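Before anything else, here's the structure in question.
Labels for the chains are A, B, C, D, E and F, by order of writing; each one numbers its residues from 1.
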Amino acid sequence: MKFTLVILGAPYSDSASQSALAFAQAALDDGHSIHRLFFYANGVYNASRLAAPPQDEHDLPASWTQLIKQHQLDAVVCIAAALRRGVIDATEAKRYQKDSNNIAEGFELSGLGQLIEASAASDRLLTFGP
Amino acid sequence: MSTLHTVNKSPFADQTLQSCLTLCANGDSILLIEDGTYGALTAAPTTALLNSVIARGITVYALGDDLAARGLHSQLNNITTINYQTFVRLSCEHKTIQSWY
Amino acid sequence: MKSLLCISRHSPYGTAIAREALEAVLAAAAFEQNIALLLMDDGVWQLKDQQQPIAGIQKSLARNLNALEMFGVDTVYAHQPSAQKRGLNTAELCIESIEWLDDDQVRQLISNHDHLLSF
Amino acid sequence: MSTLHTVNKSPFADQTLQSCLTLCANGDSILLIEDGTYGALTAAPTTALLNSVIARGITVYALGDDLAARGLHSQLNNITTINYQTFVRLSCEHKTIQSWY
Amino acid sequence: MKSLLCISRHSPYGTAIAREALEAVLAAAAFEQNIALLLMDDGVWQLKDQQQPIAGIQKSLARNLNALEMFGVDTVYAHQPSAQKRGLNTAELCIESIEWLDDDQVRQLISNHDHLLSF
Amino acid sequence: MKFTLVILGAPYSDSASQSALAFAQAALDDGHSIHRLFFYANGVYNASRLAAPPQDEHDLPASWTQLIKQHQLDAVVCIAAALRRGVIDATEAKRYQKDSNNIAEGFELSGLGQLIEASAASDRLLTFGP
């Protein structure tokens, strides 16, 4: 089956991101495909490459980046939610005259239309709430 | 076609599980995840409602990883413990998934 | 075309989730998708009239609700028992075209849709 | 010396206001902020407990900005509406501040 | 020296707030401040024994609670009615030196401290 | 009176930051002093300089930066909470080999000891929870 997962929780403060990651891994292990990961609301914080958790702690953003790379997943971060929260790429940094950016490899900023398109193209849509 | 309901909030702190139990339909399934697994306890304020839902033929599941993290091994309601693979399977078997949080 | 139902269960100003739910609904409508909105639990507070957010600090959520019709979302569904439990007077609402549903009608509405967006 | 309790969660969704009302002491004050202002409504499930607390001589306040944003103007319990300046003054008048969230 | 009471009301793994409360208590103890910890509401779940967090993903909160004594926080206070309401068996706890308080004793504890850290 | 405020909520997703800012302004207007602002848990996200909300929306991180500057406030961001969440300064970026940083002007990364010191030095300690 084709899944789309919507992730609404930040990586460290609640469990949504961790549960979504475990679900995504289980779905892929089972031979299903993931049409899109859509990071929205506080979920956009998962797309930062600047997190540096202690070495004995799970690095959730790094795990997402790895999963996305390994399975060539489409990982979209809602651009409106991300700009409000300070998750930006080089293009937006230039547009808003910010001197740096923080988006991690594998994530792409795009609009809510990507969520709508994904729901139309997927067999199952799951939300992981904060 | 039926719905899989996931619930991630403790019924001791939050009304979310109560709302889910009130609105789930025959043929649906309920999966307790994260702090929702406290809803598996017989001491939960939602236990009577949960048992009436089970009596209607709705199956209630709980994620084993989340039960284990919290040390919830005893005094559980009539609930099926599952892993993420079964969570994926349940998502396939129901048409829609409603996340209660 | 698949039908989408957005279920919005949270109050309008305490967190941003109600606003972000409405933005998703507006996006779906803008892309001419079959989208419906169901308000329940504290989500029915979004319907309260006379919302006066702090000027320059908060943005009105009632305005987003009012924009739905313009984008072609003709009906907003709301869970009547949620409103009743909260003493939300159905004569004091910020939008007009609301279809009130009881528990069974909510179950029916959910079963009539292909996907749920849970907020 | 007494405590100022702030509560920021809706009593229709969350047990927080109930816990606060159970544990506040004589001489304390309670301030409803953010979604806690829904607790000012007579329809709230905490109203009986809140009125018994007021009857004990505890004053219950609500932030006017937060009531207004939510359109809460009518059917309110016996609660004093205040602004941030009064919130600051209440913080000075009580030794400690407990935030219930 | 001012006395600090940390009130921790949230469950151990659903959010990070319980862990961050314990880290604040450990910091206060490390700086040799007068600090006490009170667990209540879902915060008493932090005391449950047999917590088995997912290896490599979650970190044990019971371990942080056990570290308290080493840092000189001798007693952890817990609200007995919160435990009773949850069916938390006081024979199945992850630490030993807990002082159980009823409602009045919690009020007394709060009034005996100069500052509260609310988690 | 001398206040210390502890801010535990992210700037956009919940109301803690907005309430704390309004309280801080009212306290300063009333002639009180703020010994320290301590940003902890998801409150650390307030210290990002990369947020770019729409022009018609309140820019909370910018308002904090302005208040801190105007009143020369001591604004400490818990370093452990911040590193886990990807809020870092130039020093930490170098230490953890990150290619950029995102902390806003006026905020300083430091340890939980700064919270403990502040509580000892203040007349009132207030927490703004998520």
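Rule of thumb we're sticking to: a contact is a pair of C-beta atoms (placed from the backbone, for glycine too) under 8 Å apart; a residue touches a chain by one contact, two chains touch by 3 or more.
Keep in mind that this is a model prediction, so the values were computed, not measured.
Engineer: If you check the contacts of chain C and chain E, which chains show up for both?
Structural biologist: Looking at chain E and chain C together, the chains touching each of them are A, B, D, F.
Engineer: Going by the stated contact rule, which chains contact chain B and chain F alike?
Structural biologist: Both-contact set = A, C, D, E.
Engineer: Compute the shortest path length in steps from chain B to chain D over the network of touching chains.
Structural biologist: Tracing touching chains, the least step count from chain B to chain D comes to 1.
Engineer: Considering only mean CA positions as chain centres, point out the chain farthest from chain C.
Structural biologist: It is E whose centre lies farthest from that of chain C.
Engineer: Centre to centre, using CA atoms, which chain is the farthest one from chain A?
Structural biologist: Result for the farthest chain: D.
Engineer: Taking the mean of the CA coordinates per chain, how far is chain D from chain E in Å?
Structural biologist: Distance between chain centres, rounded to whole Å: 25 Å.
Engineer: Using CA atom averages as chain centres, what separation in Å is found between chain A and chain E?
Structural biologist: 33
Engineer: From the C-alpha centre of chain C to that of chain D, how far is it in Å?
Structural biologist: 28
Engineer: Would you give the residues of chain C that are in contact with at least 2 other chains, written as numbers and ranges?
Structural biologist: 13-14, 16-17, 41, 58, 115-116, 118
Engineer: What are the residues of chain B that contact at least two other chains?
Structural biologist: Those would be 8, 12-13, 15-16, 34-35, 65, 96-97, 99-101.
Engineer: Could you check chain F for residues that touch two or more other chains and list them?
Structural biologist: Each of 8, 12-13, 15, 41, 57, 80, 124-125, 127, 129-130 in chain F touches at least two other chains.
Engineer: Which two-chain combinations qualify as touching?
Structural biologist: A-B, A-C, A-E, A-F, B-C, B-D, B-E, C-D, C-F, D-E, D-F, E-F
Engineer: What does chain A use to touch chain E in their complex?
Structural biologist: Residues of chain A touching chain E: 12-15, 18, 56-58.
Engineer: In the complex formed with chain A, which residues of chain F make contact?
Structural biologist: 10-13, 41-42, 45, 48-54, 57, 61, 80, 83-88, 92-93, 96, 98, 100-102, 130
Engineer: Could you list, by residue number, the parts of chain F that touch chain D in their complex?
Structural biologist: 1, 3, 8, 15-16, 19, 22-23, 25-27, 29-30, 32, 123-130
Engineer: Please name which positions on chain B make contact with chain A in the complex.
Structural biologist: 8, 33-35, 65, 83-85, 87-89, 91-92, 96-97, 99-101
Engineer: Show me the residue ranges of chain C that touch chain A in the complex, using the header's touch definition.
Structural biologist: Listed in rising order, the residues of chain C that touch chain A are 1-2, 4, 16-17, 20, 23-24, 27-28, 30-31, 33, 115-119.
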